[in-house]
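Listed after this line are the structures, all set down as structure tokens.
Next, two complexes with chain A in common: one pairs it with chain B, the other with chain C.
On to the complex of A and B.
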């Protein structure tokens, strides 16, 4: 029997190599922001598997719900990464759907509606960058403006699309169980992920959100990046509006009432920092998946919508509370409080 | 690192507890063991079932146990839904129907998604209350493709979609507008009467039908009544008050002799707007629809001249009765079961038959 032994030098080398790999892995994991989203998704998956396994046997329905929540959230992520907000996404969705349905031909209506989303994004960015209005205020104004515009254009009633049969066909699976909405969602996710991680312009979004002054000093065209981010958000919201109108065979000027909060929730649960600079579309995907699965499971269980809102609100709170920055701030406050209590008391 | 581990474990436990608790709630909210003693009589156009047969069928169904999804746009978050649901659940328990109820809160996308969930769970039947009538076609098509019958409650689908449904029960929303207009015409009595109109949520089929019923009737029966301005009040008192106030300003208070609001909640807002302008509502002809806890006292104190009774309990109960009829009798024709349109004025506002329910 032959024994093989490793020379001591080689052992030290492999040990150092292993330590290095662990350190690298730790660094990589430390940079990631999706930890909470992964944990939550794990909880949701396990709980759903036990309590409502139909969610998985009817996975096409679950995927549809994830795509419904996630698409707008993906576009929103591009804006939030730069430390800005876009509250107009739901109204953009409504007005773009109405515009598309107002045309006699879908071939004309769809490009016009998508172009409208781009223009809305440009206008939002104009107010934020050129006029200097806080994005919360600027997009809040746009929210009301677009909602009103949707009512005026639609003559205050749902607008049926020109080709209802095409709309119904659009809602049917085209590739296995996947409907066009799901495929578009996947394409949007992949495109945005590549843009934000592999393309220089996209990577600069993080710099703009992390430290805007430093980004200016580093020669990054901040204004152009903010314009790009808002245009992505507007375009994706318009895309969601077009998809919704096609699938429902009509555009509803009141559409999107639940989209704004759901998309913000998906991004926040996914670890996207509202102050900008940290987060990823992968995290947003995880957040949207958690919310989508949770909603489908609760609906299948017959849980009332009020209770569903409590659950989703609770999940959102957990996501915010377990944010490392929040925890560090809370720990700092606690330490300061303890120090002030245990320190020397002034005489008298 | 330890903190991180603790955090993750804590998250798992909290989430699991939360979800487990909700799972229990689900059973509690969907299954109702209470029973009722009677079912309401109705104006069924295709109704040849005797009471005894229905009870037998209910007993049989109780053994079989039907699974039914009810896709509603409101629930306990609205006064109407609060009194609609208990009779619905009681009737379901009596007839052996296991109800799963969703509430889309008038969001068409949410209801469409709820419909996908419903179709995927393959129930025996779907009861649909359309959030937005124009957007339910794909849901109906999907249910039809899966051989799941659909009955409609409260607000009927568009005429071109009726073939995809097996029945409707609920108010004749167009007829309610007609009845409210008839009160207006009678009280106007040939005199020139300028009115402002507060409508329901834009795009909602009930709002559209009531508006059409009211307008068609005054055009046909009393051309002396002229609609000077109209705005949506979104079924909301505050929004209605703002809308009415704006219309009073734009039209001029001196030109207004009447108000029509599409429900009692909104008419209360419109009356508040009149009072805020020092206009006595008793001097105007005011009509609405509902005869609710809010509207009935207004009729009694003379602020509201007339309203049209809508019974939420009738509506909820008959949604299930109609569904049960489709499940047990498979009628060839589409069932249409309209709620009677009872006009409520000062003369009959205190009658027990029209006691407000919501």
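On to the complex of A and C.
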């Protein structure tokens, strides 16, 4: 699950034995989840190298963007792995930034903002687990509610953070070319990777997402795992909000709407299955890298934000209809259409 | 749950029995509320507004409420099909309403009203097809799909218009439609009621409506019964798209202007109206007539908030909370029915 998948080029190379190649391709597509992210990253890398190589010379900007998208996408990965979704991340990002900025001292503001993220995650999980609302709808309601809250807390205008020097210092490289934002992202990435692949609680996320009933019967505390997942996602989104506000030295209540789209696209194209149970942090990293590079490349080539939204929206739409389940469903519909006269098909 | 109920009545001490009974009453109450509560709540809200909110019960204000309710209501009536089909909602109505409004004004300025309407219908069909194919054929998640089509659609609209405002001519059919009133009822409100009755007929009396409801309550059974589920979902999203288009027309005609940002908040207001009306977000249960009632509730609530000087942020918080509460009541009612 975690190893790099074969680039598409090599799969095409073995097409002499048509049947064998198709079968092998199927196995590869069935087992690996990162294939699409690799393909997109390849396309984006080649295109930017040719069209806009400045993306790589000004790599601080690019890495910063990748880190922001990646951080939010990492939190989402934990939730989506369990077959749930957290649409509230974008507003969580905005609210936590605004909350941090409205305190006089960062030493108070940052912990309060991060705690807010945890609380938001708990509230989301409460609605999903205790009340029994579908997470899409519960977190959508929270998205609207928190977006309003960010406007109310900030009085509908960007809030300057109290300690601007700290914000400026935060944007400076501390280790080689790496700013604190990237370091935090790297730490979060490694931590979540170890958590999901080596720690029992994290492994159980896959079980919960793969088959919740079976996970429950196997003695996994499903409700607690879902709570943990939503709290991770809320906390990480709040962290991204804090970092974002620190680097811009101001918290914008409208922050996060473009991050929402990009981070979803990153996680989904990275191979995290929306039904849960499959995917890897590594795939999310690949997805975030390709989308971050894409966004920076578009910005640096002077493409308007509106057109960027079209592109990122298109990537998300393609990502969500090309996941293995969707392709199988589409193939099934097509077959049913062709054989519609031969009576009802068996389920499957 | 049934098991617990039996043990409670035979073995548990009185205190626990009472607790059990209370719990059951609460469940029954939540079920009743999710079904019938909207009538009481709407009446109570209107009574409250009439008594305590200055300026609510005046003819200009009531006309204003109607004028604002009509476009949201038409959008919500169409979107009800998507919700009943079990696909949560159509977020892309925000993009669709604005696109239809801008097309109506801008294209009719340039090439006449009939062409504008044709272009808008074509765009609506494209939206219905793209959303419907992605959700119905590829079985992709409706929230994610319509989130991406929102960004694509709004991005295109803003890119093509540059965010500029389009004004209709001072006289002409659009202005006439937007300004005609029969008593306190603007023409838009009559269109809204007409659309509601028509869509209600489609949902309850036609094969297509039956299939949408059936698909919403049990997908697998509907599919095994030989229904082409892909087409049902495409149909539901097309109804939503046509509703959003008509809502955009009405909204643009009301002010005789159109701009890409004019439909902000239509996604959650329409969803709130549908859910508050009692249409289940879990699919299969609901009606367009209930959505009409939900629209009245949400519009009166919004009007109260505006008259009380609440900003957009507070309004958004309130509607977001309303959605979560209404869905919670529905979810608890379903638990009660299942138990």
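Rule of thumb we're sticking to: the second predicted complex is superposed on the first by the 278 of 348 C-alpha atoms of A that agree within 3 Å, B and C clash if a C-alpha of one lies under 4 Å from a C-alpha of the other, contacts with A are read in each partner's own complex, and residues count from 1 in each chain.
One rule holds for everything that comes next: contacts are C-beta pairs under 8 Å (C-beta built on N, C-alpha and C of every residue); 3 or more make two chains touch, one makes a residue touch a chain.
This is a predicted model, so every value here is computed, not measured.
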- Message: According to the stated criteria, A:299 is in contact with first (chain B), second (chain C), both, or neither; which is it?
- Response: first
- Based on the superposed arrangement, let me know which partner A:151 touches: chain B (first), chain C (second), both, or neither? both
- Task: Pick one for A:42: touches chain B only (first), chain C only (second), both, or neither.
- Result: first
- Which of the two partners, first being chain B and second being chain C, lies in contact with A:131: first, second, both, or neither? second
- Look at A:61 in the shared chain and tell me whether it touches chain B only, chain C only, both, or neither; answer first, second, both or neither. first
- Task: Mind working out whether A:244 is in touch with chain B, chain C, both or neither, as first, second, both or neither?
- Result: first
- Message: Let me test your reading of the model: by the given contact rule, A:307 touches which partner, first (chain B), second (chain C), both or neither?
- Response: both
- Message: On the A-aligned overlay, A:166 touches which partner chain: chain B = first, chain C = second, or both, or neither?
- Response: neither
- Message: On chain A, which stretch or stretches are contacted by chain B in one complex as well as by chain C in the other?
- Response: 151, 156, 253, 304, 306-307, 314, 327
- Query: Which positions of chain A touch chain C when the two form their complex?
  - Reply: 85, 87, 127, 131-134, 136-138, 140-152, 156, 253, 260-261, 264-265, 268, 274, 304, 306-310, 312-314, 316-317, 320-321, 323, 325-327, 329-330, 333, 336-337, 340, 343-344, 347
- Message: For a test of understanding, state which residues of chain B touch chain A in their complex under the given definition.
- Response: 3-4, 7-8, 11-12, 14-16, 18-20, 22-23, 25-27, 29-30, 75-77, 99-110, 112-114, 116-117, 119-121, 132-135, 137-138, 141-142, 201-203, 208, 232
- Message: Taking the touch rule as given, give the residues of chain A at its contact with chain B in the complex, in rising order.
- Response: 35-36, 39-40, 42-44, 46-48, 51-52, 54, 58, 60-61, 64-65, 68, 151, 154, 156-158, 160, 164, 167-168, 171, 244, 247-250, 252-259, 294-307, 311, 314-315, 318, 322, 327
- Message: Taking the touch rule as given, give the residues of chain C at its contact with chain A in the complex, in rising order.
- Response: 88-89, 134, 137-141, 143-145, 147-152, 154-156, 158-159, 220, 223-226, 228-230, 268, 271, 281-282, 311-321, 323-324, 327-328, 331-332, 334-335
